[in-house]
Structures are given as C-alpha cells and as structure tokens.
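Right after this note come the structures.
Both of the next two complexes hold chain A, though its partner changes from chain B to chain C.
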Partner chain A sequence: MSVQTFTTATSVDDAVAAVAAGARPVAGGTDLVVGARSGKSTMPESVVAIHRVAELHGVESLADGGLRLGALASHAEIAASDDVRSRFTALSDASAIVGSHATRAQGTVGGNLMNASPAMETGGPLVCLGATVTLRSPSGTRSVAVEDLWTGPGKTSAAADELLVGVEIPAPPAGTGSAYLRLEYRRQMEIAVVGASAAVTVADGLVTDARVAMTALSATIRRIPEAEAALIGSDGGSAAIESAGAAVAAASTPISDVRGSADYRRAMAAVIARRAIDQALSRARGENA
Partner chain B sequence: MATVEKPRAFIRPDGKEKVTGTGRYTADLVLAGELVAKFRYADHTHARITRIDTTRARALPGVLAVVTHEDVPDVLYGGMVQDRRLFAKDTVRFEGDIVAGVAATTAEIAEQAAALIEVDYEPLPVVTDFEAALADDATLVHPTWESYEGDEALGRHENTLGYSTIVKGDADAALASADVVVKGRYVTDPVQGVPIEPRAVIAQWQGDKLTVWTSTQVPYAARAGVATTLQIPESNVRIVVPLLGGGFGAKCDFHFEGHVAALAKAARRPVKLVFSRREEFFAVGHRREGMVLEFETGARADGTLVARKARLVLDKGAYCGEGGFFAQMAAMHALGPYELENVHIESSLVYSNNQPSSSIRAPTAPQVCWALEQHMDELAVALGMDPVDLRRKTIVETGSVTATGQVLENIAMRETLEKAVEMIGYGQELPEDEAIGVAVGWWPCFASKSGAYVKLNPDGSGTIITGAQENGTGSVMAMPTYVAAELGMQPEDFSMLYQDTDAAPWDMGSCGSQTTFNSGRAVIAAAVDLRDQLLDAAAEKLEASRDDLELTGGSILVKGSPDKSVSIADLAGEGTFHGKSEDVVPDGPEAPAEGCVGRLGLESFHAPQLIAHAVRVRVDRGTGVARVLEVAAAHDCGKILNRIGADGQVYGGVVMGIGQALSEGTQLDAEGRHRNAHLTDYKLVTASDAPRIDVAWIETDTPGAGPKGSKGVGEPPCVPTAGAVANAIAKVIGARVHKLPMTPERVWEAGA
Partner chain C sequence: MKVATTLNVNGVSYPVDLDPGTNLLAAVRDVVGLTGSKEGCDDSECGACMMLLDGQPVNACSYLALQAEGSEITTVEGLADGDTLAPLQTAFLDLGGVQCGFCTPGMLVSATALLEANPRPTEDEVRIGLSGNLCRCTGYDGIVKAVLSVAGSS
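For the complex of A and B:
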C-alpha cells in the first residue's frame, strides 16, 4: 500500500483535524519512513505533514522553572539547549545520542514518544523528570504522565484522534541531578540494548527523592520502585547504589536476540543502572556538570 | 623520471561528483521503457524442487517476463568448480538461491508476481554446521559433485570442495620434544563486504548484442559469465560500469548480470535490478567465510618454533564461485610470516547450506591471522616471554626459507614490526583498563596480464584507456599520476576511459590488490611508449638528438638550451600520438612445496607484503565493550607510488579490521538464514568510532614486484588488525576471547 493522501498542516487545528480524520502525522519521518522501507510496517494510506506548524516547535524555559518542549523539538535542538543540559541533564544525555547526526537533526521528541519503542532514548529521562505530554483532539486537550503514555511496544494510550502537541517538565527540586546512560557497542547509529535513567534529589547528604527507569528491558520503559526505595533515605553510597542496580536487574524481563542474550542484558541492567544512578548523584551533589 | 609537481593537490576526478551527489551510479540510470526485476528466492535453505508453476505470475497485468531454469540454457557455472545454475533447477541450496526472476512495469507488481510463483519442495536435511559437514555420514550439499567440472588440484571429495596441506619435517615428533606446547581452538562468524551501494544491473539487447550496466568490480569476469550462462559469444556482450559505490570484494565475480539479461531478452525491454539492503546481505553469494581453527605450536625455551600443527575448516557455503582457492590460502596464513622447523597444516574448504563465501578484502587472512596471533601471544605467556620479543625471535626475514621452500628476498618484516611498536610506544605505562596488542601478517601479490592505451588529444590533454576499475581504491587518482610522471605533465591533464569492456584490453578488475601491480604496469608501459613517440617527434622538430631531450612542465626541451623547446600540446595538435602497453608479467618465486597437497599456486607468495599492526585498546570491564583508541600500522608494500591513495587504503582497511574484530558478524538461524541482514544489527564501525591511525611505509625492492618496485596495498591493511585488538583485549581482561567478532557480550563472558 502506498500513500494515497498527503496534506500539509499549517496550524494545530488543521493537524488535529487531519489526524482525527485518520491521517498519520509525520514530522521527521525517521520512524514512519524507515519502518516502511525496512518492511517493519506499511506506509499509511493518509499522511499529514506537521513540520510547518509553528506552535509545535520550540524548547521553552517556563517562568515557574519548568520546561516546555514542542512536539517538533528535534533531538539536536534539545541537546543544544544549555537549560536542558544544566537542569534536565538526563534528557540532554539522551537527546545527544539518538541515532546519528542525521536522525537527531530530523527526529522529534514527539515522534520518539509516540513511536513507543521500549528502546527509545528520551523516554526514560522524561519519566524520571516527571514529564507530562499534552494530547489534543477535536474535542479538547488532556495531559498524560509520560509513564502512562505507553501500553506496549509501539502502543500508546492516546486515542486515534489525538495528536501529541507538547511535553512539559516541572521544575526539578533544588539538589536534583539526573543522568541517562545506554550500553552502546558503537558511538553512532546505536539502538539501546540496555538503558537506565535516574533523577535523584540530595539534601544534607541524604537522598530525599529518587526516580529510576529502565530502557529496553521490558515491554515499555518503566520506573523501578524497588530501586528507588533502595536509594531514598540512603546516603547514596555504594551499598545503596548496588542494591538499586540489583533491583533494576531483578525487575527486568529481557529477551534474547541478535543484540544480546537475556543473561547478558540482565547483568548489564545492573551495571548500567548503577552507573546512571552514580552519575545522577554526582550531578546532584554538584560534583560534575 | 620526471617528478610530479604538487602531488597532494591532485583531487581525484570522481571525488566532487560523489560527495555532492551529482555522480551517477548504476541505479541512477534510466533507459526508455525499462522494467523492474525482482527475484523469487528459495523458500527453504535445502530442498528438492518438485514443481514450479509460473501461470499466475505471468497472468498478472504489468508482468512482461517470468524466467526460470527452463528459459535459459542448462549450464553449470562457477570459478574453480562449475556447480551452480542461474536459476535453481532441481535443488535449492541456500537462502539466496534464485528460483525465478520477474520483469514488470513497477517494483510492486514485480514483487507481487514473484510471490505468485508456485514452488513445491521436498525439504532436505540442512547442513549449517560446516565442521559437521566433514563427517562421513553428513548430508551431501552436492550429491552429484563427482560429475562437476573443476580444478583437479582441489582434491574434492563429497562435501569437501578443497583440501590443502602444508607439510615440513615431522611435526608430531618435534612437538613431543618441545619445551613448551600451547593449543587453541578459535571460531569465527561470517562477515560481509557491505558496499554502501547495493548492487544494481541494467540489461539491454539490441538484436544479438547485449549491453549490461552493472556495479561490478570485475567487468571482464562479468562478461565471461554472461557469455557462458546464456551461451552467446563474448563479443556480443558489452559491460559498462557506472560509478561504483564500493565493493570490498563482494562485487568481484559474475553475479546477477546473466539473470537480468535473460529477463531483458524474454521481456524484449531493458530490465533493471536494484537490490535492497537486505538482499545485499543474504542474496549475494559472496561473503567472508566462517572458520574453525585449531592450532598447536611447540617451542624451545628460547622461543624457537620447533613445530606447528593446525587444522582449519572453512565454510564455503552452497557454491564455489571464485573462492575455490581458500583452503590453500588459509593454510599459508596458518604458517604466518614465521620461521617454523616442522609443520603439519591441514585445511578443508567445505560445502554447506549457508550463503556462499568468496573473496572479501584479503580473503581468509584476517580470520586466520586473528587466531594465529592470539595463539602466538598465548605461547609467549607460556614461555614467559614478551609477545613482541617472541615475534622478534621467530618472524621471517630476508633469506628465510618458508615451510613450502620459498626463499624470501628483500622483505622488511622485522622493520615493520619495530616501526609499529615504536609508533605506538610499546611498553609505556597505561591505565589498567588499557593495553597494547601487536600482530603481524602477510599477503601475496597477484601477477596477471593487463593492457592499456594512452592517447594524446589535439588540445594537449590525454586519455588513459584501461580496464582498471574504480572500486574506491583510487585508480582514477593513481593512473593519471603515473602517466603524468612519465610525460612531465600534470595528472589533471588526463581523463580516464575505464568502465567499458569494449574499449579497454582485458583486465582482472579491482581485486587482489592488483590495480597498481598489473593495470598500473600496463598504463605506465603505454605512457613510456607514448613518451618515445613524443621524443621522436620533438627530436625531428627541434633538430636535436633524442638523448638531449627531456619532458618537463608540459614541454619537451633540449637540455642546456631552455629556449629550444616544443610544448606537448603543440605536438599533439599535429599528430596522432597513442601509446600502447607491451605487457611483461613478472615471474613469481618458486616453491618446491614437497609433500604438500592441494597446490593451486599459492604455495609461494609472489612479492609478499609484510604487515605489523600495534593497537591500543580500552576495555570496559563492567560491560565488555572494547574501544580501539590508537592504531600504528607499518607496512612493507614495496615502493609507494601514490602516498595519498596508499594511506587511504590503510585508514579504510584498519577500520574494516576493527569492525571484524569487535562488531561485524552475520548471525544465522538453525537453517542457515540471516538473522541480522540489515545495518541496524550488522554493526559497521562508524566514523565516530574510528581511532587515530598512524601509517608507516617501509619501502623495499622486492624481486618480482610491480611497476617501480611497488607491491599491492589494498588488501593487507585489514589482515592483522583483529589479531592485534584480540591481544590487547586479552591483556586487559586476563582471558582469551575465542570467538570472532569479539562482541561486548563475548568479552564479558570471557571474563571482563
């Protein structure tokens, strides 16, 4: 099947109307087109290009200390933002290593989230940073926590007539540091085999809050409450990090495939989680950028 | 000889069009009325075909031709063994065997039609474990192997396509009395060439005459293949190669030109085939073979190698192609560039139902070298010697006699080793997660006939007509440089006509590191002939003796009388100057190779190239991820005629070697089907992963060398890289990785 209808939206209303009428939105095209070319999926009958909708662009620091990302914010744009790098560092880590230079220039955060791959880079950091997405349909707008967006590989809780228009991240509490780390066999064109995100808040030498999420280790990216519990109230020392890493490994349900065996993935889940947590803690303590 | 001014300023003439996207590759050509070709591949990796029915495919609107074995001559073809048909007749033997071809007005229709062809099979036991294929009771991949035409020296028997031994002295007795003996078993995964341009073929008939535009490294072999399989005179076939987007060996040999020509004939329209990336992986009968390698080496306490035994098993896959010589080539690499008192090497090239293997850049060498060089480091550990000192003690040098009896003359093995360890700073203090590994290797030159013309155009420019192909290896840069040097002109003064079998004399093509060695020899000879013609004409015009003339700066002048001169452009306008080569192929060295079987001519290495790589590697001990940080590559490739091009070959070869070492491997399922036939999970090394690479050339004057003392350059750079990386990894983790590629998981399993 090839594309029968292709329209270009110039406003959010146009875009939402087209989506509600059954069109698939396309912005960077890094998943839609690549997936169709490789035979993973077919091109939809109807496509609406949304890349010209000005309101969907932008990386904006909000007055309340939060951050708003337009659905069309590219990975390259996010990675280049000083504010993202200094306060939402895990997202900066992730955006900087999505695919290749070309993918980052072309691919968008909205597309990344809605593609719902359990191996996506930006998902774990946004979960840990408590981000919500704004979904818009002809009948209105609603907010959904990022961690509630995915229901399975490639599946979301968005209704068929909803378009993701933006992502909001609340201001992180003082003393927060975050990090995303991926096991990578090479430096570009890599897909996460194991990934881990952590956002931790440290006050008076104690961990007061912790969020830990794992990537590519289960059907969706999700938080690991046992790992968070191991950190909260601790001094963030090696024993706490060790047990948080073990909790991530225990919670993972990895598969064996051409990218690695389940045993290796489970072992790496602990290693990568420990490193991500350690990095987040260092950043929370202001030990490195 | 005149010197070339500003050699570094010469920009290869195909560079700009390639990097700006204006260059035209085969897939970019469009012929009026052309159809799209698609293949119906085997539905089983080993099965008897009981019925092929193309009725429904033929009935589909938009389909102009469907071709099966019934529509082409019943011809078996193949390099050293003729064991394959264009279209499978009674049996399919691997995933990419072609049962039928379709030509239709669109790709979608062609694909649909290919799926509509009904094929019934009786599945046969699948032979994927190529080591088990050697067993007496193994299923035969080719039950009628005895009826095939093939080279007698291969020693074919049942699933064994080639068998070769190297025997010297009594290895068993020597091992029994050795001070130290080490043993090792190593296994390698198959590897792909992965040209960035997936191959494309367009065929067009005009009466009995056929023109094929094709992305091949070897147009003359493609021409012969078309003529053989379609039973037409070679003179009716013209092969044209538009810009070629890499090959790395995978585009050597005759592949799909015959299929497309048969479709074009049946459809009475031009037909174009363009491979998908997936097809470029699984359907090409041409990859680097998997191997099982067992080594046993005995040494005296001082390091002297008293004996080596080796057993090598190589996966040939389903068909021979041009890779029939692999058993002997691998055996030679199991010797390596070492002095060995006693030897017993046994090498088997075995049929299986896996993808066929054939020459990929330095075929067989990187895998054997990876295993042998690890084995040598293990021996060093057992002897309590530094691995570099062990090599200093045991490598060949000028005057050494190899195990087959070849006397090595004017080689610089020792100098390359010393240079590589010097460049990397061997022995320096390193962080505990880093180490330096060293490996050495060798590779022969391949002498072949070649021919060329060089003509001058009336405007004073020149045209080089050669069969040398441009596979990315820089012949378009080298040939004008060589010719300009002979004629005192600039490389920019020359264009090249090199892509057309109807224009240039026969040439081996871009393979076997032979472009400078053979094509370069012919081009230089043609330039010398042209030079003689110009000197004769100038001598007459200037009324001077030929001996007093010199060519420089685009003019011919009388030495000592700068005002007495004539420009080459002026002469060119007055005459028809065209030089042609008179080819003298250099003789190869003799090697008695007594007691060795499976002798195909590789028992001596013609003008051998010697290589030493030293690499610094960091291993993440938590994950097993290894990164190559620095490579020092020292090569004896004879005299270097084109430094920019030669350096480029090392950069590319080393990066390819790193890919082989760490990430590149085809994974097969239990039936021999590709599991990672795409660039997401067949992991090439990216530019971001490439380390600093320092190159040194040790220039020797080896007998039997190519023009001006040159040897080959293209293949050797990927030979010892993986072995050096392996040795560095082992030093960091204190354990050996016995499988190639040494993926993070394998390094981690080994004990990172």
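For the complex of A and C:
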C-alpha cells in the first residue's frame, strides 16, 4: 500500500473538497481496500475517509412517499428497514444478501453504486425502482438516473471531482411489487453469477407498468425494454413471464469467467428473470411478503 | 510518513504511529501487539481477522486502521472477563467447536455479533451469520452447536 495522505472529512463540503483535490473517498473499505490487497488495483496516494460525515448517513422515508438513502447507508441498515422491505422490496432483497454480515455492516450503498460492478446487488433494484443519485462537486450538485450512472465495468459517468452523496427513490405507484434474485452457488460471500430485478405494477388484473433489469449479464446492469414490453398490458400470466424471460436471455451478452461460462449464464438468464418477475408479480398482487 | 493516532482496543487506549495505508488487522497485531486475530486470506473472504467496530463486525484486513480512531474495537482478547472465559468460548471448547484454532478468534467474534443482534437464532440463522467465517477442520457442526447452546441462555 502506498497511501501518502489520509484525512477524515467531518462535513460534506470537506469531503467534496478532498475528492476534487484528487483524494479517493473511503467508507466501509469493502471494495477499495480489498481490491488493493487482492492486487486488482493499488491503493490511491490520497484517501479521504468519509465515514464520519453525519449528513451522508441515514435511510429516510419522505413525506411524498419516496425514500432517501444517504451515500453511507449500510446494507445492514437498508435490509433492516421495514419501509424498504414493504415498499422497495427488491432493494431489501439485494442488501440482505451482499457479502457476509461484516460486509453488510460496513459496506455502503454509495460505494456499491460507484464501484460500478456489473454484478453488484443493489444496482438492478435501484434501476427498476427509478432511483436517481445526487452527485456533488465544488461547483454544485446534479441528479443522475441510476441507469445512466454506469458506462462500463468499474466506470461511471461521474466526473473526477464529484462525490455521490445520496440516492432518491420515488414513491412506487399503488399496486407495485418488486424483487431481486441471483443465481448463487452459496448463500453468503457470493457474487451474483446471474441476477435479475423486476418492478411491476398491477391494476385490475393487468400489468400497467414493468421494469426488468439484468445483473452480471452485460458490461453494465441495464433494463431490457423487450422484456418490459412483453409484460405491460398482459395479465402477468405464465406466457407473458415466459416471453419476458426469453427477452432477457436474448439481450444478454455475458462473459465467461470462474463463476460461469457465457453459455451457462445465458441459459440461466431466462430462468432467473422469470423467477424475479414472478416474485414481483406475487408481491404486487399481495400474495406474499 | 507515519500518523499518530489512538486505537481503543478492548477498552484500552493505545497511542500508535501508523502508515496511512495500514489495515486494522496489521495495526492491532503488529503495533498494538494483540495477536489473537488472524490473517487468513487477506481478502475479506475467510473471516479469521473479524473484529467488532462499535459492536459491528468488520473484516479488519480490509479496513484502514486510521478510520477506527474514535471507535471501540473488540477482538477475541476482549471477550473473556479476566481469566473467566465467555460462555461462548466455553461452549466452543466443550462442544468441539475448536480444532486447529486458526478460525476460532474470528468465529467467536462473529458469533458474539450474531447473538448481540439476534439473541435466539435458529440453526439456519447461525449458519448464515457465520458464513463469512471459514473453518477447514470442524465441518462447522461443533461450532453451530456451540453457538446454539449459548443462544438464549443468558
């Protein structure tokens, strides 16, 4: 490790100024420090610890029915929130299975998003729930839709002087259910082999809105419009779910690696997508928690 | 350049000088001198380095030591009350939760955090709670039995 400068920010302004001056932000360390120690990257020369910045903490239910997550909201906090579990369920599904209990206690949603892994757990749910992130630089703040945040594996559209300070999720329409599911070989300390997220709105027995996103199946987590089109206007029955799953598999461009071959991932994409959609529909209909 | 800081480990304040890139495990083992916590994978996979940071579990190999300034750090050395082992430690010994012992400090710390958050876990919850800790000897059975035997007994 070659960290030369370490500072601890006590305010967002401090943190943003340090990032703009070239420091890498660190909170839980679950990606930055692990990446450096496993040789994937080197530790940056300048680090600013942002974990003590009170304004960046919290999981807050908003008056308009939306939800605000501070960048430092941990997976454990998110998974423990009753509001997240009942109304933003896909996100709860995701945060509950990140790493181990230590990863969930220390790892943050801001870090998860900015690490930009195409296999991250929280990305697909946040895309399907229509979340935006707030990026702050010394010259101001801007909002970016989560689905526009990633430009490639490990790459984001954030400028070098921008810090992700929060995530906002709009109120889901009445009759909405959501789910995130991954193909896993073990239940903890796992990275998604294939993942799928769905958020669907059901009214009078018909699917009025649907968002479907795939995880670990392309260079970035992204929505599959063909899968969504197969669901919208349908009764959400098995034929619609089947064709949505097929659309996800057709749109996938997976890699082969130690966790699975591209062929296997493509074959499993349809299965995992169908299960996620089915689970989201059940929740939308109030059939289970 | 070294940075002067204070680490509070098991209720004792240790003034230390650290390189900014030093991880918490190296700081506690090599500088503070408490060697109960182990370095296994050095990659946040095995849990041998597990400590508590203000009561929350952390893979100390992957956490910058300077970030722990102002926090309460708990290691396996902090679990016993003087010479009296914690009930969890006694249960590990009695029920075959220890063989080579390398994973044991991390297992005990993880189990302590688990029982703090969930005093009456099911067997499945114990297995999930400890799945960030790898053991190559016991097959986990004695460890799970030990944790369950203590659960809800205090």
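We adopt the following convention: the second predicted complex is superposed on the first by the 288 of 289 C-alpha atoms of A that agree within 3 Å, B and C clash if a C-alpha of one lies under 4 Å from a C-alpha of the other, contacts with A are read in each partner's own complex, and residues count from 1 in each chain.
The working rule: a residue touches a chain if its C-beta (ideal position, glycine included) is under 8 Å from a C-beta of that chain, and two chains touch if they have at least 3 such contacts.
Just so we're clear, the structure is a prediction, and the values are computed from it rather than from any experiment.
S.K.: Following superposition onto chain A, is the placement of chain B relative to chain C best described as a clash or a fit?
M.R.: clash
S.K.: Of the two partner chains, chain B (first) and chain C (second), which one does A:Ala63 touch, if any: first, second, both, or neither?
M.R.: It touches nothing on chain B or chain C.
S.K.: For A:Val271, select first, second, both or neither according to whether it touches chain B, chain C, the two together, or no partner.
M.R.: first
S.K.: Could you look at A:Ala160 and tell me whether it touches chain B, chain C, both or neither (first, second, both, neither)?
M.R.: After superposition on chain A, A:Ala160 lies in contact with neither partner.
S.K.: Tell me which touches more residues of chain A here: chain C or chain B.
M.R.: Result: the larger residue contact count on chain A belongs to C.
S.K.: If you stack the two complexes on chain A, which partner ends up touching A:Ala49: first (chain B), second (chain C), both, or neither?
M.R.: Once the two structures are laid over each other on A, A:Ala49 reaches chain C alone.
S.K.: Answer with first, second, both or neither: which of chain B and chain C does A:Ala174 touch in the superposed model?
M.R.: In the superposed model, A:Ala174 contacts neither chain B nor chain C.
S.K.: When the two structures are overlaid on chain A, which partner does A:Gln188 contact: first (chain B), second (chain C), both, or neither?
M.R.: Once the two structures are laid over each other on A, A:Gln188 reaches both partners.
S.K.: Touching chain B and also chain C: which chain A residues?
M.R.: 2, 38, 100, 186-189
S.K.: Show which residues of chain A lie in contact with chain C when the two form their complex.
M.R.: 1-6, 8, 26, 28-30, 33-34, 37-38, 43, 47, 49, 51-52, 76, 99-103, 105-106, 186-189
S.K.: Residue numbers of chain B touching chain A in their complex, please.
M.R.: 108, 278, 622-623, 625, 662-663, 667, 675-676, 678-681, 683, 685-689, 743-745, 748-749
S.K.: Spell out the part of chain A that touches chain B in their complex, as residue ranges.
M.R.: Residues in contact with chain B: 2, 38-39, 100, 183-189, 191, 258-261, 264, 267-268, 271-272, 275.
S.K.: What part of chain C is in contact with chain A in the complex they form?
M.R.: 1, 3, 19-23, 42-45, 47, 50, 53, 56-59, 61-64, 66-67, 69-70, 110, 113-114, 128-129, 131-133
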